[in-house]
Each structure stands twice: as C-alpha cells, then as structure tokens.
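Read from first to last, the chains carry the letters A, B, C, D, E and F; within each, the first residue is number 1.
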Amino acid sequence: MIVKVKEPQAEEIARIRPGRVIFTYFHFAADQALTEAMVESGAVAIAYETVTDRGGKLPLLTPMSEVAGRMSAQEGAKYLERPMQGRGILLGGVPGVEPASVLVLGGGVVGTNAAKIAAGLGARVVIMDVDGDRMRYLSDVMPANVHTVHSDAHSIRKYTAEADLVIGAVLIPGARCPVLVPRSYLAEMKPGAVIVDVGVDQGGCCETTRPTTHSDPIYVVDGVLHYGVTNMPGAVGRTSTFALTNATLPYVLRLANLGYRRAAAADPGLALGINIQEGRVTHPGVARAFGLKLETPRLAGA
Amino acid sequence: MIVKVKEPQAEEIARIRPGRVIFTYFHFAADQALTEAMVESGAVAIAYETVTDRGGKLPLLTPMSEVAGRMSAQEGAKYLERPMQGRGILLGGVPGVEPASVLVLGGGVVGTNAAKIAAGLGARVVIMDVDGDRMRYLSDVMPANVHTVHSDAHSIRKYTAEADLVIGAVLIPGARCPVLVPRSYLAEMKPGAVIVDVGVDQGGCCETTRPTTHSDPIYVVDGVLHYGVTNMPGAVGRTSTFALTNATLPYVLRLANLGYRRAAAADPGLALGINIQEGRVTHPGVARAFGLKLETPRLAGA
Amino acid sequence: MIVKVKEPQAEEIARIRPGRVIFTYFHFAADQALTEAMVESGAVAIAYETVTDRGGKLPLLTPMSEVAGRMSAQEGAKYLERPMQGRGILLGGVPGVEPASVLVLGGGVVGTNAAKIAAGLGARVVIMDVDGDRMRYLSDVMPANVHTVHSDAHSIRKYTAEADLVIGAVLIPGARCPVLVPRSYLAEMKPGAVIVDVGVDQGGCCETTRPTTHSDPIYVVDGVLHYGVTNMPGAVGRTSTFALTNATLPYVLRLANLGYRRAAAADPGLALGINIQEGRVTHPGVARAFGLKLETPRLAGA
Amino acid sequence: MIVKVKEPQAEEIARIRPGRVIFTYFHFAADQALTEAMVESGAVAIAYETVTDRGGKLPLLTPMSEVAGRMSAQEGAKYLERPMQGRGILLGGVPGVEPASVLVLGGGVVGTNAAKIAAGLGARVVIMDVDGDRMRYLSDVMPANVHTVHSDAHSIRKYTAEADLVIGAVLIPGARCPVLVPRSYLAEMKPGAVIVDVGVDQGGCCETTRPTTHSDPIYVVDGVLHYGVTNMPGAVGRTSTFALTNATLPYVLRLANLGYRRAAAADPGLALGINIQEGRVTHPGVARAFGLKLETPRLAGA
Amino acid sequence: MIVKVKEPQAEEIARIRPGRVIFTYFHFAADQALTEAMVESGAVAIAYETVTDRGGKLPLLTPMSEVAGRMSAQEGAKYLERPMQGRGILLGGVPGVEPASVLVLGGGVVGTNAAKIAAGLGARVVIMDVDGDRMRYLSDVMPANVHTVHSDAHSIRKYTAEADLVIGAVLIPGARCPVLVPRSYLAEMKPGAVIVDVGVDQGGCCETTRPTTHSDPIYVVDGVLHYGVTNMPGAVGRTSTFALTNATLPYVLRLANLGYRRAAAADPGLALGINIQEGRVTHPGVARAFGLKLETPRLAGA
Amino acid sequence: MIVKVKEPQAEEIARIRPGRVIFTYFHFAADQALTEAMVESGAVAIAYETVTDRGGKLPLLTPMSEVAGRMSAQEGAKYLERPMQGRGILLGGVPGVEPASVLVLGGGVVGTNAAKIAAGLGARVVIMDVDGDRMRYLSDVMPANVHTVHSDAHSIRKYTAEADLVIGAVLIPGARCPVLVPRSYLAEMKPGAVIVDVGVDQGGCCETTRPTTHSDPIYVVDGVLHYGVTNMPGAVGRTSTFALTNATLPYVLRLANLGYRRAAAADPGLALGINIQEGRVTHPGVARAFGLKLETPRLAGA
C-alpha cells in the first residue's frame, strides 16, 4: 500500500504494480489522463476526497478546510496592506480607529475557521449561511465580534459593499460552488478591498474568481484584489501534514491490518473511497465525468 | 448632622437649625431659592456633588453615573420597541438577523457602563472619546463587540446616521455638556431611532435634548425618540441607595467622629464639599451663579 | 399562494378562493371560527406552527422563540424599575452592589436566549431543565454568570424565593405548559419581583399567568409583577420579520416552484403543516380540538 | 552580601561578620532574639518586607501575596472535601448542580488572585472591599462569576452565612489585620464550611484564626474548618522562588554594583528596607516593637 | 423497590426478598460473591452502570465522570505541592512565572471537565483524543489556554515528558483502559510530576496506576506521584449525590409508576440495566465474567 | 503652520519661510542634513517624536507603536509560510495540531498589541518584561493563551529556542534598543523560524536585525527569517493616518488657536517638542547628536 498526499505523478504511475493500493488525494474528475493511467495500472485507487464518515461528512477533506479557512483571514489581512495593492488598512484597527469589516460567505468548516481568525485579529465579522441551526450554534460559540446573518442575495450585496475583506467559504462536496458574488457587485465595493475565495478549486463563489498560485497569488478586477490560490494548505505544509495524518492514520491502520477489501466491507464510508479497482471504475463521479462504465467495488465477503 | 439623598424640601428647611450639618446632593447653582434658604438657615451645607477625591474625581457622583450608564442601554432597548414608538428592533438581533448599532458618546464612567450593557445585550457598539489613553484601556477590557472610535464631528455624524440607539454620556463636572449632535443630524438618522441623553441635567449633548420624567419619559423630534429623564437612578432606588451609601458612608463616619471642621481640615477634597457655611457662601460655583460673595471655609486649626 | 405572518382576518377569509394555498400562522386549535371558515373556504391552510424539520423540531416557531427569549430578559429588567411597580433594582447591579438574581425555567430555545441576555446585563442567572445533556451543552457555552440547576419542585421553590426575576421558558410543542410555579410560591417571593412568562400562549408555567397586551402588559398578584404579553415578538417587528422570513423563505420557494402537493410529498415535515386541505381537516390536533373527522392529506404521487 | 529567602538561622548568625549586608525577609518585629542578634552582629539587615516602591507599595511582598492568594482558593477546594473534614462539595459544582459560594474578604493582591482562581474553578464568587475605584477595576477585568460587594459588617455577616468557603485577604502593611469575622458569625455558617485566612501572619481577619503548618494545616472551630498555614508559598517553592527572584534581582544588582549606601541613597524606597545598620536600629517599626532607639540610616553622600 | 448509591452490603442482602427491585451501582463483573448472592436472593438487580440512553451513552455514569473529571485537576494542583511530595509548583503560576503544563489524555466527559478546571486554574493545557469531531467541538468551547492535540504514541510521549500534571481520562465503557503511558515514559518525566488516573477502576491508562484510597491517596513510582483513588466522587458526597439523583430520578419515577417490567419494555436502554432478574442472569457482561448462563429479561408484554 | 506626517523633503525645505511652524516627525538625530537645513531655514520645527504628555509618555509615537505592534503578529504569521521561506506552519494550528509558539520581547505598547493579535490568531504566546506591575496588568486583561514571563537572559534564551516566531518589542524612547537576542541564540532556534523586530529604527533588540523595506522585507541569518521593515505603519496608511491624526489634532488646534509660543508655554510637554526654533537648536538630543549649542526655547511670557 502507498500512502501519499498528492496524486501520483507521471513517473510514479509507471512504477505502480497491479493490485497495489494507493491511498491519497486523486481528484480524478478534474484529470482524465490520471484517471486513464490509474485504470490501466490495475491498481486500487482509494481517494481521500470521497471517503465518508457516518454523518455523511468527508473526514479527509475537513482538516484541509480547517487549514484553508484559518489561512484565508490571515491572507486577507496581508493583502489589505498597501504595498500588496490593498486598501492600506489594518484588519483589527487600533484604539480609536475602527477595524475592517469582514464578510464570510458560508458557515461550514472553512467559514467557521475563517471567522474565528478574523475575529481574533480584531475585525468586525459577519458570517452568512442559510442553515438556521448552524447559525444558532455559531452564535453560541463565536466571539462577540462575529454576527450571523442569513444569506440571501440582498444581504450578500449589502455586506459585500461594506466589506474590506470578503472570504468565499461556500464549498459543496462534489459540486461547483454557486456564484454568490456576481461581477456587478464589485463596482460597489471599496477600491482595494480583498476577496479570498477558498472554494477556487470548485470554481469559487465569486464570478471573477480564477485560480492562482503561491508564487503569483493575486490579481485585480474592477479595483478589487482577488486571492485565488488553489492549494492554500500547501503553504503551511508542516501543519497540514500533521492535520491530514491525524485523519488518515486510523484508515491506514485498518487498511493495513485488514486488507482493503475487508476494511471497506466493514466501513461503507471507506468503500466510497474506492474510485478505481484493478482496472474498473467504481465511483459514480469518475464514471460520469468521462462517460466510463460504473462498476460495483468487490469487497471481502461480497 | 443630617444625611440625605435629595436636597432639603421647603418644609424641611424651615426646621433646620443654625450650625446643623446637612450632607446631601444640593445642586445649588440650579436653584437660587434653595441657595438663599440655606444661607439664611445658618446651617452647614456639604454637597455630595462637589466632594472631590485625591485624583480630582467626584466620588459621590460616580455611583449615580454607573447606575445611569447601565440603565441607559436598557432604556434604549425598551424604547426601540414598536409599541414604545421605536423602530421595532431587538437590540441584540437573533441568529441570522443583525443586531442594532449603538453609539455611545463619551468613554467615562457613564459611557463605559452603557457600552458594557449594550454589548451584553448583543448589540454592535461604538464608543467615542477624545482621550487616547482611555480608549486604550477600554480596548483592553471591553467585550469584542465594542469598538473605540476617536470622537470628532465627522465621526459623530457618520455613526449617528448608522445608529439605532445613541447614548449621550458626555458629562463634564460643573459645566454644560458640549452639543455634539446638532438638530441637523436627526434628519439623517433612521426613523424610530432612540437617543438616551444621560447628561440631560447638564443640558445634554444633543441639541434637541430636554428634561423628561419617569412618568412621561419620551418625546419625538424629527422622527427620533428622545429619552431625557433627569433622575434615572431614581427608578432603581434600591440599587442606587446601596451604591450611594457605599460611597458616602466613609465620609459620614469621619464627619461624625471628628466633627466637620476637623474632618474637612484633614481632607481638602471634603472641604471642597462645603458650599455654604453658617450664612457664608464658600464654594466658587455657587457664588458665581448668583453673584454672591465667596468666602473661605473656616476649618479646624485654620 | 398567500404568505402571511398572522392568521387571515375575517374580511380576508371572505375573499379566499378554493384551492388557494395560505401559508401563515393559524393556531386553529384555539380558534373554532377560523377553523370553520377555512374549512368552508376550500383553501389549503399550511400552518407555520406545525411544519417540522428532520430532527422533529418546529423550524418556523424557533425564530419567534429566540426573539421572545431575548426580549424576556430585557422586559424583566424594565419592569423591575420602581415606576413600573417593580422592586426598584438594576438587573446588573453596579460595582459594589450585588446584581439581581434571575431564574430561567427551561433550557430550550427560549430559555437559552433569555439566560444569555440576562447574563449580558450582568445578572446572576440560574437556568433549570431536566435534560442532562442540554445542561452540559449550556455549561460549555454560557457565560460564567449562568449556572445550570436540575429542575425539580424543591429547586424551583428555593430559587423562586431568591429571584428578583423569574422567566418562564417551558414550551412543549402542542401541549399546555406544566404549572411549575403554583400560586403558593408567590408569597415567598420578594415584593416587587417580576415574572415574565413567555409560554403564556400555552397557559404559562406559573399558575397565576394570564394573557396581557403590549398596551397593558403587567398586573400584580400577591405583590409579584406578572408580564404576560402574548405576542412578544410583535414589539420588535422588524427583527421578527427578518427572522421569520429567513426560516420560511426556503419553504415558500419550494411551494412556489414545485406546487404544494409535490413539495409536501418530498418533505414529510412540510406535509405535517397542512392543517386543512380543500374542505378536509388533515391535522390531528385540529380534528381533535373540535371533534372533526381527520383525513389524510392528498399529496402528489400519493 | 548575602541574599536569602528566610531569615538567618541561629548557626548562620554566628558566622555573620560586621558590615556584611544581608538581604532577605527578616520580620524583626515578631522576633526579639533575631533583632538582638542582628544588632550585635554589626551587619546590615535590609529586609524585603519594608522595601517600598514609588507608589508606596511593597514590591518584595507582592509576589508572595500573589502565590498565597492563588493557593488559597485551591486549598479551600481541597479542604471542602469530606475526607478532609469539609462539607463534601465540589467548588465548581457540575452541570445541573450549583457550585459553591466563595466569599473573598479584600480586593488587593491576595484577594484578586484568590477570586480569579476560585472563579476559574467554577465557583460563585463575591469579593469585598471598601475601595470603590478598586471595585470598578475588578468589575472590568474579573470573570463574570465574580461579583463585587462593598465591605461592611452587614454584608460580611450575610455572605459569610451563605458561603461554603471564606478567604481572608485583608492585609494591611505593618499592621494587625482588622477582625472582620467575629466568632459569633461561625454559628451561622454551614457546618463543614472552610475558612482560609491568608493574613494569619498578621493575626488574620477572623477572630478564630490561629497559625498552623503545612504538616497539620487545619483545625475546626464551631463546625467550621480553619486553614491557617503561615507560610503558604513555601509549599510551592519553585514557583515562589522564581516569583521572588524576579522582584529582588533588580535590587540585588543595584546593591552589588553601587554598594548598599549609594544604592539606598539613590532609591529612598530601598533605604526604607534598612532595618538594622551596623549595630544601629534604623527602622521605626523595629525600634517601636522593642523600645529601642531609632537612628537614621547612614547613606552615601548623606 | 430499593434505590441506593452503593452496592448492597452483606447484611442488607440477607434481608432482600425475592421479586424486590434494587436500583443502584452493582459492578457485578468485579464481585463474584455479590453476583451469586443477588442471584440467590431472587431479587431484580437493575444496575446504574449498564443503563443506556438513546445515543448509546451511559447516563447514570456521566454525572460521576463529571465530578471525577473536575476533581482530578484540583487534586493534581494539591499534590504538586512540595509537602505532598510534588514538584512544589503552583498550577497557574503567577504574573512573571510560567504556569504548569497539564496533559489530559482523553477528550470525553472526564477529560473535558478536567481540562476546563485545569484551564480555570491558569495552567497551560493540552487535551488529547483520536476523535477529530470531538477535537473540533472542544476547540470551539474551551478556554484559549486549552489546545487540542491528536493522540498517538509519539505525542503522548512528548507531552508527558513536558507535563507537570498528567490526567488519565480514557474510560471505555465496559472495557479495560488501554495503556497509553508505559512505565518507560516515567523516567523522562520531571521529578515530582503528578499523574491522576481517573480510569483506575478500569485499570487506568498508565502502566503504573494502581488503586488507592482517600485516606492514603498517593504513591511514588520512578519519582512520579500517582493518585489512584478509586472512588473520587465520594469525597464530595453532597455534590455527587445531587448529580446522581438528577440523573436517576426520572428512571425511579418510571419504575415506580409503571412497574419495572413495563418501564423496561418501554425503554430498551433501561432494560439493558437489568443484570439479574429473579435468579436469572440477564446481562451478557455478568454472564461472561463468571461463565453463567445468559437469559433474556422477561418484560411486560414480551 | 504646516502639519505633515513625514519629515520635509529637500524641495519642500527650500520653500519654508522663517518663523513658519512645521509640525511633523523629524527624527533629527538621524539626519544631520535635515537638521542643518531646518536651522538655516529659520523655521520652528516641532517634532512629533519628542512631544510628551503628563505621564512622561510620547503620545504622538504611541499610535504608530500600536499599529506596528498589531502588524508584527500578522507579518510573522505570513512569513512563517513556506513559500515565504518560513517553517511552513499555521500560527494558530488547527484542532488536533498544536499552534505555533510566539515570544514577545517587551510588554509596552508594541508588545501588548503584538501579543493580543498573536493570541487572537490562536498561538501560544509568552510576553516578557521586567516590570512586575505591567505583568500584573497584562495578566488581568490578556486572553488566556498569553502567559507573562519575567525577562532575563536565561528565559529569553529558553523561549527563543522554543519559539516559531519572536517579536522584538523593546523600544526605549530616545535610546538604542538593548540587544537581548545575540546571534549565538539563532543556532538554537528552529530552522525557518521568524523574527519580526519592531524596534529596528532604534537598532532592534536582536544582534542580527537590520533595516529592510516593504518591497524587500526579509532576509535569512543562520536559518532564521528576519523581518526588519523600518516603517511598518506605512503599509496600512489609512489606519495609521487616522490613528496619528486622532493624536495630533488636539495639539494642532491649540497651536493654531493660541500660537505656538503660548501653546507651548501652557503645556511643558508640547514645549519639549520644539527641536529647532528660528535658527536655534532647542532640544538636547539634537544638540548632542551633532555637537551643536543647546538653547532654551523662547515661549510666550517667558
């Protein structure tokens, strides 16, 4: 069994033997070449991003969402600086000078972590979601400078116009982010305001979001800075690696101890992680993406 | 010695004998009849409101400022209700609905207590002052939903227009409040917004402030509710009495044990409390108010 | 489809055409005339108060409970003032003077919000419930001046006698509130103490609770003030409307997009909202209240 | 120069040469033999306990007061256990069971630290003092489960009767503690309640306080446990030593670099630390205690 | 029906009549004589420790876990004192002196309560668990001086070596605690560090843990103090009794009102509490422990 | 009168007329050419950096210290990222992964603000100072994840070695920073750790600190990143300008209303701001720096 963080690179794939189990992030639907190579390899590809827990959540994506959420506020603070092309304001203000206004779109893992850090930096934070129960919980546990507001087009437009920093934190597993901030809103934003769109991998929730890299992280549209780095956790690799390993280790142990067929038979959520099994495509998302035939994974005792 | 809370009433004055010490609130400068009556009585009038501590503060006014400051936020919350003629909003909002914006003008005892309670009710609070060191302290100890903003005309106008509740907390010992909110600002305020002006006894810091009573506390000017009750602490008499007694008792004990001449000789701040001494006016504010001759108080050993 | 907040008024009912969907609060069981009128109208009455979410909660009642809970503490603070006939104390005390004691009966949505605001005002708060897990959660997220105490007759009596303010927050969906505070306890309470009974619509949890209005909100029994306003959220209509709309909007959209029969077929909790369907009574509570025949709602595909 | 923590022991004194500087705790007034021995030795005794800073505080006593204050709450928690003869309650309670009530007498360094720890343990804490400004500060910075109450005989009696733990924290530099809790109050206390009297070295603020040791720390009077260990910080020697050294080190450096005569000439507060100088008694407290002649210390340039 | 706290004593068993219901802690698996006596008695033994709620938790054990968890931190603070043989440090440090480091192994009920109190005492706390979602919740609600760290052998070893206090809080219902701290780690710990192992009844999570009593609570292994009292909540009997009664009372009422057969038929979790029924062993754990025949409990209507 | 932020540029100086008052930052001691030009100009140079308030503090430097202090933590967070050459860790960690350790050297304005923001980001923070009373205050008002430690060489070395981020915040008005972190300590630091030395203008408190710019902010020495930007507040110009104006405006008004000679006569702290007066050097620091003759400023009435 091979356990990795990133998808196998070309030279690595060449050396994979049939039947070998590869446990890592694959994101097949976005990479046809990788999909075909893994099908041909005869290996078993168990993808972190589709392993599911009992509550239907994606436990091997959550740690990366936590890292990216926390980073998003600190990136926003940095790019608001004038030499970075931002508005030239300090997120937390100082005594006598009001702090920045931060709008966090989405109250899930990414948004909660973003709001917590933005609040810790001293900003005035609004976090938006459509889930009333989530709002109630956030209202119980967030610092007093975070306010929850129900997400709808009217509110998003109003708070976007007031914000110094907008953090896009709307990630829907396996789907494109809905576009909540159309380009037309940018004209109403403050010049030099910053958008950090954490969901860039899934298209982002701003119409103007596009992918960038750590070496060239920002670009400006209509006077608004956009930060669209696709692999934010990569910048804090030590933290990310620990966080990911904490989550993957229990699976690795079970895969190693039981063999993957028995481990997956005992845990349907782990079975959902098997994307490709010895030449057969076994995950609906992958099959659908490339018009391949979907087959049922063969588990122990099945 | 007679210890009271309110100034002596007409029938009481008639019975005061010369040389008797009366220790209470007098507020002579606002009441010529009382001044003349006390001069004629030959009694010694030691006024709570001019007793001073070593730091130059007024320790017998502070407890009433604390009570009034805390009450002001809860009065504001009440009069924002629609049946009270207010905007019909809940100060703290609820999860998913943004809270009210509260502007507190003045970061002294009144303002600090007002901001603390408004924050406790869940509002978004801005507190303004011109004293940078006070701002720094407030920024250290206030809840995270209180932000400090330097007070100047531009900021006051901006935040007044955004506020659902404005609390006037600018009290300058022995002077009229400066007018920080001219009537012209009211037109920019939200209809049904509320102003609670704690400094009403000293004229208030809003041009449109005028005195009201607990039985008829509010009036409307240009669509904005005004709460101008002159004796706010009177509504919570049990709390106020305890608070005042805590502060006056040490003075009472010293006056009783040493006699007022020796007590005042030993404590120059207490001596400043002697407004009228056996027919002689001994406080500059009283003398100035009515064009009377100012004399030096006669203390023990002097 | 007609979306409202309050039940249809007589003149409105006259104009409702058969088959029209009315989505609002109805509270049929308390209003036989309304029930009969709606049956005759041939319309479809979907009642906010019986729509249920997956967890068995009532998502269209929750926002009103939040508003009422938060208001209850601020009403209590107001009516403790002496001119309002209360004890004349300030809920939060001041430095050197102890704060009021607040007892919140019930740790659900109403009670949690009441306790949070009472604590924010600086009071010493006890919140009672019988659900241990709820206590544990409250103990994790409440401010340090809120203490949880298991609810039983002995404790209720003891803490009622010590309290300056008692908030009744025991609402059981579709049932009368249990009487936790019999009249006999009032004799042991402090004169001028205040009871705010949020569950007054369902009879309240105090024997002496009876309904009042915003224009005449209080009455006194055995020296204790009672606040029994039946529609507390009405006083803060702006906040309440936003809060309610946040919760109803997703249902409205589905009703509009799918038609009510398909929307209800897809969401059993929404189907529970259909109280009357084109002349047929389809909710057990309504049928039972007036001895009417209960029929099954006809949904799409059923 | 010799720097120590405790006063010199008999065998050490014998070896002290004239003119040698000893910098340590001496507490001469309580130990005539030590006083006489040090006079005879011809050494210079600079006592930690009388060194004063610019604000008139005793900077070399403060660290020990902090340690003792923090310890006092945790000792109280321990001795409330039943096997220790206490009431058998847990200071912080648990969800559903009310916490203990703690009364802290005195809002200075000892009391503030005691209250902070008692609050951290989850208790309901009342802290009493007569200084209004100190109350205000405590009310700004203490956790929400600490309430300030003005200290007077009526309040002390009332809160003592309700308390599970009373912490005596009334230390007046160089004077006997006033007796705030007469023996008669004990009869009204709960059986098994605990008194920790930190001021035991100065007589304690409870009539029934008497000195005990770490090996036999408690005794019972009228059903109430008393903890009167005289050298509380000694139990946490590592922490105490660091705390003390942080405070003494700057003095030690100046004494070593300048010589004690020049160091004391430059810092009148350090000069106040010189209790005995080469056979002459130079501190009024020591002279008064044993009827010795008081002389002025001889400093450099004087 | 007999309701108790502790298991029946020999003389009590003799008087139990057949068919009588005994509702208390039994812990049969650890006491063969008790098991046999109860089988012979013909009584019905319903054991607190195996009653289960809907979420699969043990609601009659939880209150004791809360008490023990909270106590564990305060015991640790006490035994760190030098006269108790500890390191001689104050858990919370003082200003200028760093606080103690506390490691809590396990983030369940015991660990959460332990961490909360240790943090309240001012320590620097690390709490470890393997459940990511629990970590996230703790990170939302714990004070800022508590950090969550994923539990694995490497981390445990590292943090054990740095800790002044280790609290074992790993309790797995019905199973021996896993050994997380082997004896070899002790050599790397600081001399005088303290281990409080709350899971001692189930073997503890330290290899060197062994049971002790309130009268002789500690022993030293390899320089490290061990506190292994088996019945920690017994020391705070008043608190524990209230906590337990809060949890048992609803069951007692149902047992009394319905009879145990109907009560257990209506609540499968209560049925799991029936360990022995009129001479028949009905709980698998008891049967397995002593090789007895397991029978199905006879309930009403079954 | 001319009011500026930065010192006059060459072309500006040429146009300054004799007697004109220039009120801005000058920092003469570091710029002989500027000094000579201003002497020659015959103008009056009042320098922000030497204006003093009644407490001896520098009120026109404080706002910049606040901005720089808050920025320092967010810069540190940014440069810990791997693409920035840092260790690749997230300052606040995530649930299950320990946060970074931050050491703040100095507990004044800069350090307090740095510690507050680092704590808000979720780090484990140690703040060091030698002033015990400052430590006590910080311990009262800082979040629970900030611990105070007395500053001495031993502690600095220990905590530097453990730190991921060291913030130098030791600014002594008018003096070079003491070197607290010699180069030898760097070898013991973690590779990729970051030092942000706010005192770089005064030499910094690390031996290896040297000035950098916003366009090229960092350099690496012995594996440790150094951030030495000299004008940190410049990056957040909007915030800094408001903060500075809040502080300067009252002086500007007085200078304008009274004329500088009368304003300075009335406020000795403002008089200390007069560095050069119509060709005469009137500030000792400037005179000393360049061996010029020091003259007394001529004020009104003097």
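Couple of notes before you dig in:
Just so we're on the same page, contacts are C-beta pairs under 8 Å (C-beta built on N, C-alpha and C of every residue); 3 or more make two chains touch, one makes a residue touch a chain.
Bear in mind that the values here come from a model prediction, so they are computed numbers and not experimental data.
Of all chains in the assembly, those touching subunit E and also subunit F are A, D. The interface with the greater number of C-beta contacts, when B-D is set against D-E, is D-E.
Shared residue numbers account for under half of those found at the interface formed by subunit D and subunit F, and the copies are therefore classed as meeting with different residues. Inter-chain spacing, taken between the CA centroids of subunit C and subunit D, is 54 Å.
Mean C-alpha positions place subunit A and subunit F at a centre distance of 39 Å. Touching of two or more other chains is recorded for residues 63, 66, 93, 95-97, 119, 122, 132, 136, 141, 150, 242, 246 of subunit A. Remark: the chains found to touch one another pair up as A-B, A-C, A-E, A-F, B-C, B-D, B-F, C-D, C-E, D-E, D-F, E-F. Listed in rising order, the residues of subunit F touching subunit D in the complex are 130, 132, 136, 140-141, 150, 152. On the side of subunit A, the complex with subunit F involves touching residues 63, 66-67, 70-71, 74-75, 77-78, 80-84, 87-97, 113, 116-117, 119-122, 214-215, 234-240, 242-243, 246.
On subunit B, the positions that touch subunit D within their shared complex are 59, 62-63, 66, 141, 242, 246-247, 249-250.
On the side of subunit A, the complex with subunit B involves touching residues 93, 95-99, 119, 122, 124, 126, 132, 135-136, 138-139, 143-145, 147-150.
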